[in-house]
Amino acid sequence: MRLRFIITEVFQGLRRNTTMAFSVIIVTLVSLAFVGAAALLQTQVGKLKDDWYDKVEVSIFLCPNVSVFAQCKAGPVTDAQQEEIIRVLETGALGDIVEQVYPESKEEAWENLLKRDPDGFFAQQLTADDMQPSLRVKLKDPEQFALVADAVGELDGVEHVFDQREVFDTLFQILNRATLLAAALAVVMLLAAMLLITTTIRLSALSRRRETTIMRMVGSSKTLIQLPFMLEGVIAATTGAVLSIIGLWLTVRYLVQDWLVTSNLNWVDYIDQGDVLAVAPWLILIALGLSAVSSLVTLGRYTSA
Amino acid sequence: MINFNEVSKVYTRGARPALDEVTVAIERGDFVFLVGASGSGKSTFLKLVLREERPTSGRIHVAGRDLGRLASWRVPLLRREIGAVFQDFRLLPNKNVFQNVAFALQVIGKNRRYIDSSVPEILDLVGLGGKEKRLPHELSGGEQQRVAIARAFVNRPPILLCDEPTGNLDPGTSVGIMKLLDRINRTGTTVLMATHDDLIVDQMRKRVIELREGRVVRDQLQGVYGLEPA
Amino acid sequence: MINFNEVSKVYTRGARPALDEVTVAIERGDFVFLVGASGSGKSTFLKLVLREERPTSGRIHVAGRDLGRLASWRVPLLRREIGAVFQDFRLLPNKNVFQNVAFALQVIGKNRRYIDSSVPEILDLVGLGGKEKRLPHELSGGEQQRVAIARAFVNRPPILLCDEPTGNLDPGTSVGIMKLLDRINRTGTTVLMATHDDLIVDQMRKRVIELREGRVVRDQLQGVYGLEPA
Amino acid sequence: MRLRFIITEVFQGLRRNTTMAFSVIIVTLVSLAFVGAAALLQTQVGKLKDDWYDKVEVSIFLCPNVSVFAQCKAGPVTDAQQEEIIRVLETGALGDIVEQVYPESKEEAWENLLKRDPDGFFAQQLTADDMQPSLRVKLKDPEQFALVADAVGELDGVEHVFDQREVFDTLFQILNRATLLAAALAVVMLLAAMLLITTTIRLSALSRRRETTIMRMVGSSKTLIQLPFMLEGVIAATTGAVLSIIGLWLTVRYLVQDWLVTSNLNWVDYIDQGDVLAVAPWLILIALGLSAVSSLVTLGRYTSA
């Protein structure tokens, strides 16, 4: 009896305030989409960092067969030269700041190129022999890049020293700023969502004042009086959350996976639908928390006085 | 049944109290008229009984409960022992007669079987048998008030509070409502009724408590509306 | 002043009409009681005069205007010739007595000088001189109704409609309001008052129009509330 | 008298429904920010297109002094070879599809490099002589790229042929999708804004029902009764619009101008505050239109019945 009563009340309430219910749904949808977007952007940053940032920080490009640089006039790097460079990196003053050195031979560079873009122009036109060997150096403290550049920059067989962070930092900076922007919008929108849920509950309470007055007068319990209103907020907010999850899922599925992955940017490890599902429970929790807080703030005032 | 012990109620600090040291005892089965000019505190008295308002000072006992000590989650239990009828009927306009009365039972968790048996019974008692399906706006004022009384009384509470139940009714209709309340009173229910209606009070000759500016100025068995004729 | 010519009003298709072929003529300066049981159509009659509702059939003339042909942008002009007083006072709770009355002038675009001179004058007329600064809840019911009358009459309309203006008042206070309405009627204002209050109707001995189920069943000069004594 | 009356009413109304007014402001703010963002993104796309896309579509890189490509084994391109290439481009079958050919000498390439990144690694290490001369070809129909590549790809002195659109297309595609996303969000949010303005007006009308009833009864004109409600909606929506303009202005000022322009992506022509100001009147117009439509939809029902 009571359960059916509550359910009827909830749906009557939602029907009576359709415009408000829709506003709540839309605003929660958008705000949680931003929360989700911020989270996914950070996941993407994490994936990129996992991919490269941790692994490689400084690339020491060694002289290839053909080079425009004056330092490589003497011809391609020899094994002895390479060993000397590695020795400098791993011992002495640099030994303390270098964590690890990964040599990448021409052949490995060639394979990486093929993996990234097998049908590309360069893969068609070049051979392994045209590639450039390099040493990838991981530093204990990435800030020490300058020391490495100074120490090995002038050694025989080194073409040039390149801090890969430069490239990634720009990208990460962009992604981080995007995260911040999304988070800021999320906060603003969540505020709006909260105000809206509050007003929806208030409106609903006002439009059913007759009913609640009678309920109080005949001795209905406080729970039974307030529950329908709370549930209205909860249902609207949760609907918004579910829609935002669907939106994010579709975006990741069609924009990121289908489009980015098949584009020529496909050598990057992208977020996938799994990451959306990992974020989903949090979005639903936020929606529930939001409506719970709004209910608590509002209900006391509008159903008892 | 209802005991007021030096009860005062001040709504606005500094203003004249709405009730001023009121001490009144109403026994089980009494029929009491609460009379007095507008603003004399009649509605305030009833609200205190229902614990819609709390007194500024003094103690109130209703149906064996000390309202000052009643935990707020127990207020619904108190209200199930009190029926309340108002001047403006307060029916739900989109529910029919049966549903209006049933609503009061649904929201205190009665099951469908109980509702289906007790609502027709009470509608017969108030003389609305056969009009279950009508909507409030299809009823006359007197009939609407009967629905309100049925709703207040369907749970057979020991106390019935009425705040000017005939204020919106014409004299003929009012007499019918009073007969109904009298009948309910005879079943052992305590009836406390605030009213302006001198004619009715004079006809019924029940106990009359008169308030003036929040003070009890008269408490008379078989009284009339005013001592000086209106 | 007010002419109803075979006016019918049906709210809900199929239901009994709220007014049924009513033909009535009320002259300038008349004081008319509109009586009848609850639901007999008194409020509907007044709403038709105010053009709050439109008749289903029949023609209505008020203050020389044919309401059936009145363009809707001219309805405000009609209403400025009619003052209306209701049972529930309808005062603005956060405005004081002066502001409540002044509000009615502000919203029809009167200037401050006019307001400052006419509001105190009308408050003196209704007997509220000196209480300008009080808020509605600081007034008795009778005083609140006087404020409502002042607001309805401050613009000196030729017609004053009252829908049960004493319904919420005790008998003593009601008499005061009736004296005030009588005084206003003597200034030449047409007063049309719907009421249940048999005592008042019987005392005043004015013209009485009785409605029953939407039909005029009696139109009597110097009449009483009911032909059979209540 | 009347003006003051209306102003007082408007502000009382806004104060009474603060939460709703704030919701309207926030939601209009965010929705118009998206409208603005979509417009600005398109402006940016336009600027980029103006910059390059129209000017240059196909780059024919000529053999530099040092090259890894087999085709350039014979040494750098000669003037005669270059003239032959230009002749092929401007006459015969290609003459119809090539609109213009801009040769870029080593020196010009060097100057462009210096302009882009004067302190960069390459500018430090290289000289004009290390740069690569090229021919930039504008096509009448950009889709005809393959014909050009086929015709000149194998000519002496050509290192490789590169369709610049490839790079820009990806960028434009990203920007266009971002525009679409912003526009979609804008539409959804504008819908929410409209629902909200509608509800605000309705709420306001309900909470002032006492006043409006009296006003109708005493013969106040319809305009005077309805204007305060309309103005409430208009003021809230316009406030949202103004805030969104401020937000966009700050974003462009600090994110785009200060940060992107001083970063190493500064060789691109970015949108500036002027572009925000160009969008601003439209945003305000949208806000006004939004509240006007909402008022019309709502007011009839809630102040006269």
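First chain written, first letter: the chains are A, B, C and D, and each begins at residue 1.
One rule holds for everything that comes next: a contact is a pair of C-beta atoms (placed from the backbone, for glycine too) under 8 Å apart; a residue touches a chain by one contact, two chains touch by 3 or more.
Because the structure is predicted, anything quoted here is derived from the model rather than measured.
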{"item": "Chains most often in contact, by C-beta pairs", "value": "A-D"}
{"item": "Averaged-CA centre spacing for the pair subunit D and subunit B, given as whole angstrom", "value": "69"}
{"item": "Euclidean distance of C-alpha centroids - subunit B vs subunit C, Å", "value": "31"}
{"item": "Chain centre separation in whole Å, for subunit B relative to subunit A (CA means)", "value": "63"}
{"item": "Multi-partner residues of subunit A (at least 2 other chains)", "value": "none"}
{"item": "Contact graph of the chains (line, ring, star, complete, other)", "value": "ring"}
{"item": "Interchain contacts, given as pairs of chains that touch", "value": "A-B, A-D, B-C, C-D"}
{"item": "Of subunit B, residues touching subunit A in the complex", "value": "50, 73, 75-82, 84, 90, 92, 103-104, 106-112, 151-152, 155"}
{"item": "Residue numbers on subunit C that touch subunit B, as the complex places them", "value": "12, 15, 35-39, 87, 137-138, 140-142, 164, 167-173, 196, 198-199, 225-226, 230"}
{"item": "Contacting residues of subunit A [partner subunit D, same complex]", "value": "19-20, 22-23, 26-27, 29-30, 64-69, 121, 125-126, 130, 160, 162, 166, 170, 173, 177, 181, 185, 188-189, 191-192, 195-196, 198-199, 202-203, 206, 251, 255, 259, 263-265"}
{"item": "Subunit A to subunit B touching residues, read off their complex", "value": "1-2, 5, 210-211, 213-222, 224-225"}
